[in-house]
Every structure is written in C-alpha cells, then in structure tokens.
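One structure is given below, represented as structure tokens, and several questions about it will come after.
Just so it is clear, A, B and C label the chains in written order, and each chain counts residues from 1 on its own.
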Amino acid sequence: MRFLFKTNYNQDIRIAKHSGYYWSYGLLLLIVLAAPFVLEGYYIGQMTQLYIIAIAGVGLMLLAGYTGLISLGHAAFFGIGAYTEAVLTGNGVPLPFVEEPVVFSFVVSMPVAAIFSALAGVVIGIPVLRLTGIYLAIATFAFALVIEEILSRWESVTNGYSGLLVESLYIGDLELTDGPPFYFLCLGMLLLVLLLSINLLRSPTGRAMMAIRDSEISAQSMGVNLAQVKTKAFALSAGITGLAGALFAHKLGFLSPESFTIFQSLELLVLVVVGGIGSLHGAIFGAIFVLALPQGLAILKDYLPVAIAETPGIEPFIFGLILVLVIIFEPYGIYGRWLKIKLYFQMFPVYKKATFKRQKAYMKSERLK
Amino acid sequence: MTLFKAENLAINFGGVKAVDGVNFEIKKGECFTIIGPNGAGKTTIFNLISRIYDSTEGTMIFDGQDITKVPPHAIASLGIARTFQNIELFEHASVLQNLLVGRHCHSRTGLFSELMFLPSVRRAEVAHRDKVEDIIDFLDLQHYRDSLIMNLPYGVRKVVELGRALCTEPKLILLDEPSSGLNVEETQDMSFWIDDIKKDLGITVLMVEHDMGLVSEVSDQVLVLNYGRMLAHGSPQEVQNDPEVIKAYLGEQE
Amino acid sequence: MQLVIGGVSIGCIYALVALGFVLIYKATEVVNFAQGELMMLGAFLAYTFISILGWNYWVGAAAAIVCMFFAGNLVDRVFLRPVLGQPQFSIVMVTIGFGYMARSGAGMVPGWGTETYAISTPFSSEGMQLVPESMGSLVISQTDVSVIVATIILCAVLYTFFTHTRLGIAMQASSQNQLAAYYMGIPVKAVFSMIWGISAAVAAAAGILLAPTTLIDTNMGFIGLKAFPAAVLGGFGSIPGAVIGGLIIGIIETLAGFYLPPGFKNVAAYVVLLIVLVVRPQGLFGQKTG
C-alpha cells in the first residue's frame, strides 16, 4: 500500500497525484505512440476509430457523467461536426466578397466545426435548461431526430441520403487522412481533449458541474448560476463531440445521415454507462467496449454452433444484454470494476468484499422535490 | 445595526398561506431563532430568504439592499449562506470538494483560463484551499477531508454542511435545524460552534430550531411562528413564558 | 376533415402506447423506452395465435393481450426489480437495453424473424360513408372504427379500475415514496409488476390494432417512440392527458404530412414536443413540478 505524504496544496491540485502515475501512464503513452510502427494497417485504423469515439465519449461524459444532464441525442452534435467539416473542406462556403466558395484547410475547419457544434449545443441547451431529468433526455432525443431530418433534407448542403464525399486532409503536400499520420492526429486530439477536461474538472466550473449533478438546490445556494454552468457544459460537450465528428468525417471519407441516427446516440450513451459513468477513464473503457464488441462477436462466431452464430440480430441482442447486466451488477461500469480489482491487489490479503456492498436503496419521487 | 429586515413577508401555495404577514429584524452579530410547531412555515421563510421561493407579498432588505427579487444564485455572493434540514451535500464528492464548492461565489476564473489551467487559476485554487483549510480547522474535520460524503455518518455530514456554508464567508448564515438528528454531545458541540461563529467569525446567525435547550443557550432573540403567522417575539425567557406560546405548544389548561 | 379522421385513427394508437407508458411512469417513475417493443411483441404474439395457429381473431387477440400481461410482469421482475432505487437514468438505460434485446430477440424467434407479416382481421379497410353523400365525401374504414372504439373501451376500463380500486391508490403511494409505501403495508414490488403487466397488455392491444395499418415487423416499436410527444403534450403524469395528447399528435402529424413539404411529417411530432417542453413543460394536464 502506498502512503502519500503531502506537504503542499499543489500536490492535491496536480494531475498526477504521485510519481507512480508518471510511470504507468508514461508507459501507456509509449505503447500508444509506438503502435503504428509495430501494428498492421487494419489495427491502426481500428485504434484511430477508438480515439475518435473516445473523444465523443468524453464529450458526453462531461455532460451526462459530470453535470448529470442526460442527452439522448448526442449523435446530433457528432453529425453537425462531421458535416460542417465536410462542407468546409469540400465544397467550401460562399462568402460575401469572394467569387468562389472558400475552402478551408483542416487546421481552420476543425476548430470551426467544433465551435459550430458548441453553438448548436447552446441552441438546444438554453431552452431546456429548466427541464429536469427525463424531460431533458426526451428533449435532446427529439432534437436529435429533428437534426437527423435536417441533415437528410437539406440536400443543397449535405447531399442528403446520396451521401457526401469528404476531402482528405493535407498539410502542404503531406496527406494525413490515412494510416500513421491520421492516427497521430486523432491521438493528439484525444490527449488534448483529456487534458482540457482534467483541467476543467479540477477548477471551480468543474466542481460546479458536479455540484449540479448531485444537488441543484444547494449548488444554487452556494452561488452556482445553474443556467450559466449548464449552458457552458452543453456547449463544451457539444463542441468536443463535434470535434470527434469532424475527425470521423475524414476517417469515413463519405458521409450519410444514416451514420448519425438515434442508434449512434444510444451507442454513445452505452459507452458512457458501461465504461463507468462519472470518470474520464470510463469514456476510454467505454470506447474500447463499443469498438471491441462487434469484433469480439465476429471472432466468437467462428467458435459457436452455426445455428446460433448465423441468427440475425445477435449483436444488438448481446449489446442490450451487456448493458442491462452492467447496470444491474456493476453500476460503476468497467472503470468501477477496474478500481475494485486494483483495490483488491493493493489491499491483499485484507480485501473485504463488503467494501463496495451497496445499500438497499429505495426510490424517492423526483417529481415532488 | 440592522442586518436583515423582513417586512410583511407572505407566500401562498395555491390557497394555503404558508407564511402570512411576518415582520422581523435581525441585528448584526446576534443569533436570531425562529421556533414553532411543524408546518409553521419556518423552513418556508428560509426558502424565501434564499430566493428558492418567490414571495407573494412583502419585502426583504439585507445590508441595506432589497433582495426580494434577486435571483437565487446571487444570494451567496451577497453574503447569505444556508444549511438544509435534510442535508443537501454532494454525495459523490469528498468533504474537501464539498467545501471547495462553498467557495464558488468567490471564484473569478473564466472557462477558457480554467481549460488551460493558467497560473492564475492555480493561484486561485491554492487560495480557495487555504480558506477551506481554515474552516476545516475550525470544525475539526481534518480526519474526514478526503472521505466521500456517502460514507460518512449523519453527525459528520451535518458538520460538513455547516462548514460548506461557512466557506462562502457569509455575513448572515441560515441554519435549518442544526441539532436535528444529533445526540447530546454533538448538540453541545454545535452550540459551541454557533457561539464561535457569532463571536469569533462575526457572522450573524438566523436559526430554526426545536431543541429549546440549544435555543436558550445561544439565541439573543426568538420569534415564534404558528400557521405561518407570528405568535410571539422576544428573548428566549420572555418567549418561553408567553401564554400564547404555551397554548400553541402544550394546549390550554382545561 | 378527412385528414382529421385519419389522424384520429393513428392518434388512437399513439394514445394507447402513451397510455401504457404513462401508467408505468405514474406508478414507478420509470420512463419505459421499450414500450414500443412491448407493442411489437404483442402484435407478434397475436400473429402467432391468429395466423400461425389459426385461432379466431378475437380469441387470438385476447390471448395475446393476456400473454403480454404476464410478459410485462416478468419484465418488471427480471429487469426492473434489481435496479429499484438506482438513479432514474440507470433505470431508463435498463429499459433501453431491454428494448434492444426484445427487438433483436424477436428477430431470432423461428417463425418470426425479420419478415413483415399481416393478420387477417374481421374488419375491412374499405371506406364507409360517415355523412350523407350530399355533404361531401368523408370516409372511415371499419379498421379505423375498431381502433377508436377499442381505445375508448380500454380507457373506460382503466379509468374505473384506477379510480375505484385500492390498487390505484396503492399505485400512487408507491410512486411517491416507496419506503413509506412499504411501511403502510403495500406490497410495492407486486404493485409495480401489476402495473407493468397492465401496461404491456395495453401496448399489446395497441399493436394488434395497429397491425392492419402498418403490418407487423420487428421495427414496429419505433412507432412507439411517438408516444413520447403524446405523453409530454398531455402531461407526463396524466392518463387522460396521454390519450388526448396522442390524438392531437396523430392529427397534427397527418395534417403536416399533407400540407407541409416532405420530411416534416416525420418530425412534426417532435417539433411539437420541443415546443411543449419549452413553453409548458407540464403539458396540458400534468402537475407543475418544482
């Protein structure tokens, strides 16, 4: 067991609480940086996809896991970011004093896509600020459906269901859209987003967000301006998810509204819940789960009798089943289980199973609060 | 010097006058207690002062400023803090984090500087931590600094709730039944703390209480409410001997 | 006016799904995202009884409804009881998870699969004249009539059941404060399972009534998503509100499909939902919260 000897407030404020963190995360970083030179192209592509989904997951985690605002329609922001990026780098935007539509380099378009998504987040956030719990979820759900419809009908911009080609990324002459260069871009974005989130969570606004999650009324009494903080949370969350969408656009190369439906929203939610709600690690674990599940099932199919393996819909079934099992048996998600396992090894052999025994809880009406 | 004044305060809940025509003044540095049977409207008055409810009539003046229409989140920066009857702490956070939220009304950092965690943010964080540690020392919470609220016993939670309110550096603190659920020793500790808050920290205290022992020990003035209306007003001794009060609490002699 | 009738018919379906949905919410404060899937299962069961086993329509329909009652009960025991007391979000996710399982599970059952099916009903889809020829053409099919009549009957039955039995009161108590309800001797868990059973039965009825219009397949449940706007419009805790909300949504949607450009029909219900949530979150009949 490790004993921390604290002499300075900065030790609590620091990101790495003790030197052990430098070693373990440093090692992880080295592995991740070395991967493209060691693995084949297919796996690099998969890991890139992992980073993209993880970024979107962090976005939703900030909103749902930390501020307690459940969004059932986050794929909308994903889509807005993706299409904005595609339009800005592809057909360009007609500006008042310029003859041809202006095409932007990704260095400009990606931040713009993120900001545009953030603005969309504000647009949906402000009217729903006063709504609680389930009403908020339903409102975001409805919003996502409306956005999906707009994306498919606004054919002049998005090409609707015919699909929209996305240009490759270039810095000068170097093409970034494939393989290792794109991998490093996505990894860099993920690390940036994680860093920003960690910074947010250790400062007053982050604490205010968590305060809103746990008790709105006392947060207000402590001076937290609910409307302002919720709007900031929405904007930030939408912006980050939009950034992920922009990267996604380049990864896919071809956009259609079918990639941004309620299914994707639910997938993001499952990512957050299964990964471990209320932690950034949860977003990463959740992304790994969401990505690995279809792969795992595909591999398992080879070992199962033909009758089971060939039935259509086995994947969504397992998806739903795992979701239900996680909520019933491990509400803290994969990250929660990870922490318990770590604690087991740390406290060996005096680990008590009762450490995490859940109290029997009773439902109290949220309507009459 | 009058710190807080309520004039003709009233609120209706769909036909039920929960608070009706309440007038009182709190002087700076004193401890003012509101007592009354359950349902008399005591917590409602607190909710009116914290602006969680909108009053239907009347005005409230705090430190010379009319706060009757002020938004709820502005109350803390004006200098009013409160505790809640059914503890409203942030369950999934540690004691330290709860107390740090108490500093929120004093934070001046913007979103962008926080995202980058600029040195100014770091300095502000250390300053907040300093202030919080003062309160931790005051309330002897060192032991529990990093414990999650959901793992703490009720008595400790009540103290943390008090601490969080103190971290806002208020001029007036609203304590909603500070001794409910506490045993005799803890209640004794609470009375010492309320005294210290008054004398050492110079904070004016407005309290709702049922424990008459505690009330007599720390209060300077007592207001009795019944069915939302004022019944009696005066020092603890005067109020305890008031025949109307006795009638309301104990009933009339047959 | 013709459109309004068409709207009323589909509105009744929405109303029934919303009804089942609000029932569960009112009793357990659970928002059941799988209500549409319950409807789908009910329709499939009816198909099995009527078309595969060849039973009489009425018998088959009744059997399906009864089966779904037990199914709903079972769903509550298996999926919802273990998560009682967890935050609302987790419970919603469980219903979503169950929805996934039900949808793909139905696809895996032999005889069901991913095909689309129809049930033969004793009602014809031919239009019948509602008003004399001289006043213009206003047709309504027997199918539509059956939907409307069934909805009215179901609503009446449920209304009497809840206002005049102990179960209704027990239901309210359990939803407001579970622990207190336990202390009062209410078998909370059994009450919840009953509610789920009733709600599933109502959903099954909706599915059976819907079958002639939209045919049966595993994605039928998505129509159930329109129950959300209906329930919100009517007011989340209000049973009559759900019904009226469903009717209004049905009418608005049909009118939107006719008068507005294509694509608006799909989202009309949700736009209404957003407007209601912003302007008047408690809907037409709901209680104002907070």
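The rule is short, and it goes like this: a contact is a pair of C-beta atoms (placed from the backbone, for glycine too) under 8 Å apart; a residue touches a chain by one contact, two chains touch by 3 or more.
Quantities reported herein were computed from a predicted structural model and do not represent experimental measurements.
Trainee: Hey, how would you classify the chain contact layout here, line, ring, star, complete or other?
Mentor: line
Trainee: Let me spell it out: compute each chain's centre from its C-alpha atoms, then which one is farthest from subunit A's centre?
Mentor: Relative to subunit A, the chain with the farthest C-alpha centre is B.
Trainee: Please state which pair of chains has more C-beta contact pairs than any other pair.
Mentor: Summing C-beta contacts for every pairing gives the maximum at A-C.
Trainee: Using mean CA coordinates as chain centres, what's the subunit A-subunit C distance in Å?
Mentor: Chain centroid spacing, subunit A to subunit C, equals 33 Å.
Trainee: Find the geometric centre of each of subunit A and subunit B from their Cα atoms only, then give the gap between the two centres in Å, rounded to an integer.
Mentor: Using C-alpha averages as centres, the distance is 40 Å.
Trainee: With centres defined as the mean C-alpha position, give me the subunit B-subunit C separation in Å.
Mentor: 47
Trainee: Could you list which residues of subunit B touch at least two other chains?
Mentor: none
Trainee: Touching subunit B in the complex: which residues of subunit A?
Mentor: Listed in rising order, the residues are 9-10, 12-13, 196, 199-200, 202-208, 210-211, 213-215, 217-226, 232, 236, 278.
Trainee: Taking the touch rule as given, give the residues of subunit B at its contact with subunit A in the complex, in rising order.
Mentor: Contacts found on subunit B: 50, 52, 71-77, 81-82, 84, 88-93, 96-97, 100-105, 107, 109, 111, 114-117, 121-122, 124-126, 128-130, 164, 168.
Trainee: Using the touch definition up top, name the residues of subunit A that touch subunit C in the complex.
Mentor: Listed in rising order, the residues are 64, 70, 127-128, 130-135, 137-139, 141-143, 145-146, 149, 152-153, 266, 269-270, 273, 311-317, 319-324, 327-328, 331, 360-369.
Trainee: Which stretch or stretches of subunit C touch subunit A in the complex?
Mentor: Contacts found on subunit C: 28-29, 31, 79, 82-86, 88-90, 92-94, 96-101, 103-105, 107-108, 113-114, 175-179, 182, 218, 228-229, 232, 236-237, 262-263, 266-267, 270-271, 273-274, 277-278, 281, 287, 289-290.
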